[in-house]
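Before anything else, here is the set of structures, which you'll find just below.
Shared between the two complexes below is subunit A, which has subunit B as its partner in the first and subunit C in the second.
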Partner chain A sequence: MQINDLLENTGEWLKGQGEDADIVISSRARLARNLVQFPFISRATQAQRRRLEELLRDTITTACADANLSYFPLAEASALDSRVLMERHLISRELAEGKGPRGVAISPDETISVMVNEEDHLRMQAIHSGLDLKNTWEEISGIDNALEAHLNYAFSPKLGYLTACPTNVGTGLRVSVMLHLPGMVITKQIEKAFEAVTKMNLAVRGLYGEGTQAHGDFYQISNQITLGRSEEELLESVGAVVPALVTYERMARQTLLKENRPTVEDRVFRSLGVLQNARIISSQEVLLHLSSLRMGINLGLISEIKPEVVNELFILAQPAHLQKLEGRELGEHGRDIARAGFMRRQLGMN
Partner chain B sequence: MQINDLLENTGEWLKGQGEDADIVISSRARLARNLVQFPFISRATQAQRRRLEELLRDTITTACADANLSYFPLAEASALDSRVLMERHLISRELAEGKGPRGVAISPDETISVMVNEEDHLRMQAIHSGLDLKNTWEEISGIDNALEAHLNYAFSPKLGYLTACPTNVGTGLRVSVMLHLPGMVITKQIEKAFEAVTKMNLAVRGLYGEGTQAHGDFYQISNQITLGRSEEELLESVGAVVPALVTYERMARQTLLKENRPTVEDRVFRSLGVLQNARIISSQEVLLHLSSLRMGINLGLISEIKPEVVNELFILAQPAHLQKLEGRELGEHGRDIARAGFMRRQLGMN
Partner chain C sequence: MRCQICKKKVATVHLTDLVADGEKRELHLCEECAQEKGVALKAQETTVADILSAILSSSQLAKQRSEFAKVSCPACGISYSDFLSSGRLGCGNDYNVFDKALTPFLEKVQGSSRHTGKVPSRVGEDVVKTNELVRLRQELRQAVEKEQYERAAQVRDRIQALERKGYADK
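Let's look at the complex of A and B:
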């Protein structure tokens, strides 16, 4: 598999399937692991990183043969290819923009990715469409077990798995869900809801993880704590809050429709109008309008556009994907023009 | 003729015909006249105003029989009807919102209107589509001569025609052209051009005359001075500046298209997208988008919408016209919803 092949298909997690998929975009479980016989990445020499990459690459492909993972060494990859992987949520910004021996193994449907030489020796994630924490956890746990049979993980009986950053020590597990909450944003309930979520020791983040802003009404909820809790407890803590947020969001949308239908329709159709007509548009602005469009489709206001088309446009509208689709490198202004043209074609305009 | 009949047709000056009609919306000539035997309106009693209205109404209909003018007494008219006349530029805001005996005589094609008991006893205007100052002047001059044959105008051999406000003393003539100058606004040439225009003793005003702001890139250029100049000199002074502004505007548009076509197209098509999709829209916002649309049509970027349709929408989108079209009185929010629906239907959407 080549990185370009990824663009031919939509990742499983973007298919808009699964429980509460109108509001829960995806469920994700991520494990951090390190090997006993190597120092943490930040202290490893180039030679050690190289040996780590070789060892882990071989182990991943043999131990997880069932998962049919393809390994992409990133030291050799172009900046554009790395950015494509990042935009697809298959690697972190740190790995994309990092240096030296590092890479990622990806399953054909993009549900599994295993990063090598990120902050930890191994960062593996499973990501599923909709609310599906249990299966997501079981899938990545299977990968973890398969690898553990061949690798000597750094593990303390007292603390659990040892990681480069103390916040990951213990289970090394981060469970997260990506939610689309435009209704709560419009009705101004979002801050209050997130205060409650934060009090439950959960973190709220934007579309691209830690330190990023929430754009287009997308929010990631994840566990803050990984130490002193079992994996099941962590799953439970994130899983417990999601149904409440889904209910609130549904109520907010219905209240809006009932009490202020023209305002909701105005927002949704103006976004459609901009996406179908703009000649220059930034990825940031596209995100906002796609968010409105997604809400409009889920509310039944727009029927001629399929939700999975919109889900995919979120990814394809981003700078690296856009350049791949156009088949050439483009500056910001050129991308904004190309993006507008791409949106028009995808949304049925000439 | 009833006021409702006006809505069945487009005024001649909105047909988008005549010289330079892509940039010069209309040419207008207005005369102020007062009768010797009555005090100025501000000093006239109710009884005097009533007698003035009766006298002028009879004289207008008999003396100008060829022009086939219909007289609308405004003391009895609804606020909505008065506002319709104002939105069609047939009467001033002062007359629309005034009190007591007053009215207006209008020709079937709306090129001529004669206001009775405005600031002066008589305010008569002719308005033509495109750049057509000479014919506009001759038409209103004909009406003026016909009336003068039956009326005793207040006239001083030294000063000329006497008017309520000293700024109109002399010829009592105001000549104006309404220009659409989006290109010069975008290229930021407009202020400099207007500085030059002002130095030539001409005034620059917005869409609804004195004291109003320019909206949607429409500007009215008119003579400041009416005393000590002949009518021909005044016509000449306004007429001389228009070709230059038309040339500058054409150059600005071509420069924009050549150097920044995507930016121009983006502006034009986003406006089209908003007008075709919004569910709530103010008259102010409509004006801005119709202005872009009008430029887009004149630049050949949009071919499926006719310029006269857009010209008419400028009038029909306004509050009183909208309520007439909807057949009921509406509050602001109701109008904004109805206006959005009207725009969608007029621009080929459901």
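Let's look at the complex of A and C:
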């Protein structure tokens, strides 16, 4: 499989299926693991990183044969290809922008990805559409078990799985749920809700994780703590706040409709108008309007556009995807023109 | 100087923007208008290194600080000050080498310094059982604190059953 082949399809997690999929975009579980016989990546030599990559690539492809993973070495990949993987949430920004021997193994439906030589030797994730933490965790735990049969993990009975950063030590597990919360943003309830979430030892982040702004009203809720709790307790701590946020978001949307239907409709249809007619549009502006459009579809104000089409557009509107779709490298202004044209075609205009 | 947007409050945020053709544009805004425009600097995220230094300077560990500075890991060669500045460890052995500084850090940030989750099967069943014992004892303490005596009794029975099998806390 080549990176370009990924562009033929959409990741399973964007299909918009599963529980509360109108608000819960995806559920993700990520494990950090290191091998006992090598130093962590920041202290590893080039030769050690090369040996790590070879060993891990072979183990991943043989031990997880059922998952049918394809390995992409990133040392020789173009910056554009790496960025495509990042925009699809298959690799982190750190791996995309990193240097030296490193790579990622990906399943055909993009539900599983295993990063090699990121901050830790192994960072493996499972991601699914909608609220589905238990299955997501079990899937990645299965991959972990398959790998562990062939590898000697750095593990201490007292501290658990040892990681390069002490904020991941213990379970090495980060569970996260991505939510689309435009109603709470418009009604200005979002800050208050996140204050409460933060008090429960959970972190709130933007669309592309650590250090990113919340674009397009997308927010990721994840566990802050990785040590001293079992994996099930961590799943529970994240899973427990989601139903409340889903309820608040539904209430916010209904209140908006009931109290000020014309304002909501105006916002949604103006966004549709911009997306169908703009000639130049930045990725920031596109996210803003796609977010209103997505809410409009979920509220039943627009029926001719399918929700999964909009989910996909959030990813396809990103810079690297756009350049791949156009088949050439573009500067910022060129991308903004191409993006506007792409949106018009996708949303039935010329 | 007044804020260029609201024209009322004092401008405290001063920006120089590079516009096209190398031309400069200056902006002088008050805190509120700057945040509204999304240009104000947000409070920096606290890093691992920040928390570590805070713990070290505030606790009784301060005295040992100069001693720590000399410590480095025989396996990966990382020194304590390397760790302090990057917040990243060099190898698994560092958790032993820097134990005195890491334990209070983990207790503060993670709320615990004891793993109770998954264990690699090759590490052995006794670790799994030990972890379960630790977890059950935590549960027992919580149940007693909340006066849930029925639950406490059930947890106590499970602890005793495990202990009878010879899995003592390590």
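One rule holds for everything that comes next: the second predicted complex is superposed on the first by the 350 of 350 C-alpha atoms of A that agree within 3 Å, B and C clash if a C-alpha of one lies under 4 Å from a C-alpha of the other, contacts with A are read in each partner's own complex, and residues count from 1 in each chain.
Rule of thumb we're sticking to: contacts are C-beta pairs under 8 Å (C-beta built on N, C-alpha and C of every residue); 3 or more make two chains touch, one makes a residue touch a chain.
Here the structure is a predicted model, which is why all the values come from computation and not from measurement.
By the touch criterion defined above, A:79 reaches neither subunit B nor subunit C. Looking at the shared chain after the overlay, A:157 reaches subunit C, while subunit B stays out of its contact range. Applying the stated contact rule after C-alpha superposition, one finds that A:200 touches neither subunit B nor subunit C. With both structures placed on the common chain, the touch criterion links A:1 to neither subunit B nor subunit C.
Put simply, more of the residues of subunit A are touched by C, taking subunit B and subunit C as the two choices. Contacts of A:272 after superposition: subunit B is touched, whereas subunit C is not reached. When the shared chain is aligned, subunit B comes close enough to touch A:262, but subunit C does not. Shared-chain residue A:280: touches subunit B; no touch with subunit C. Annotation: subunit A has no residue touching subunit B in one complex and subunit C in the other. Looking at the complex, you find that subunit C touches subunit A at residues 45, 48, 75-78, 86-92, 95, 102, 105-106, 109-123, 127, 130-131, 135, 170. Partner subunit C is touched in their complex by these residues of subunit A: 34, 36, 38-40, 42-43, 119, 141, 144-145, 148-149, 152-167, 169-171, 173, 201, 211, 225-231, 234. Note for the complex: subunit B touches subunit A at residues 262-263, 265-266, 269-270, 272-274, 276-280, 337, 340.
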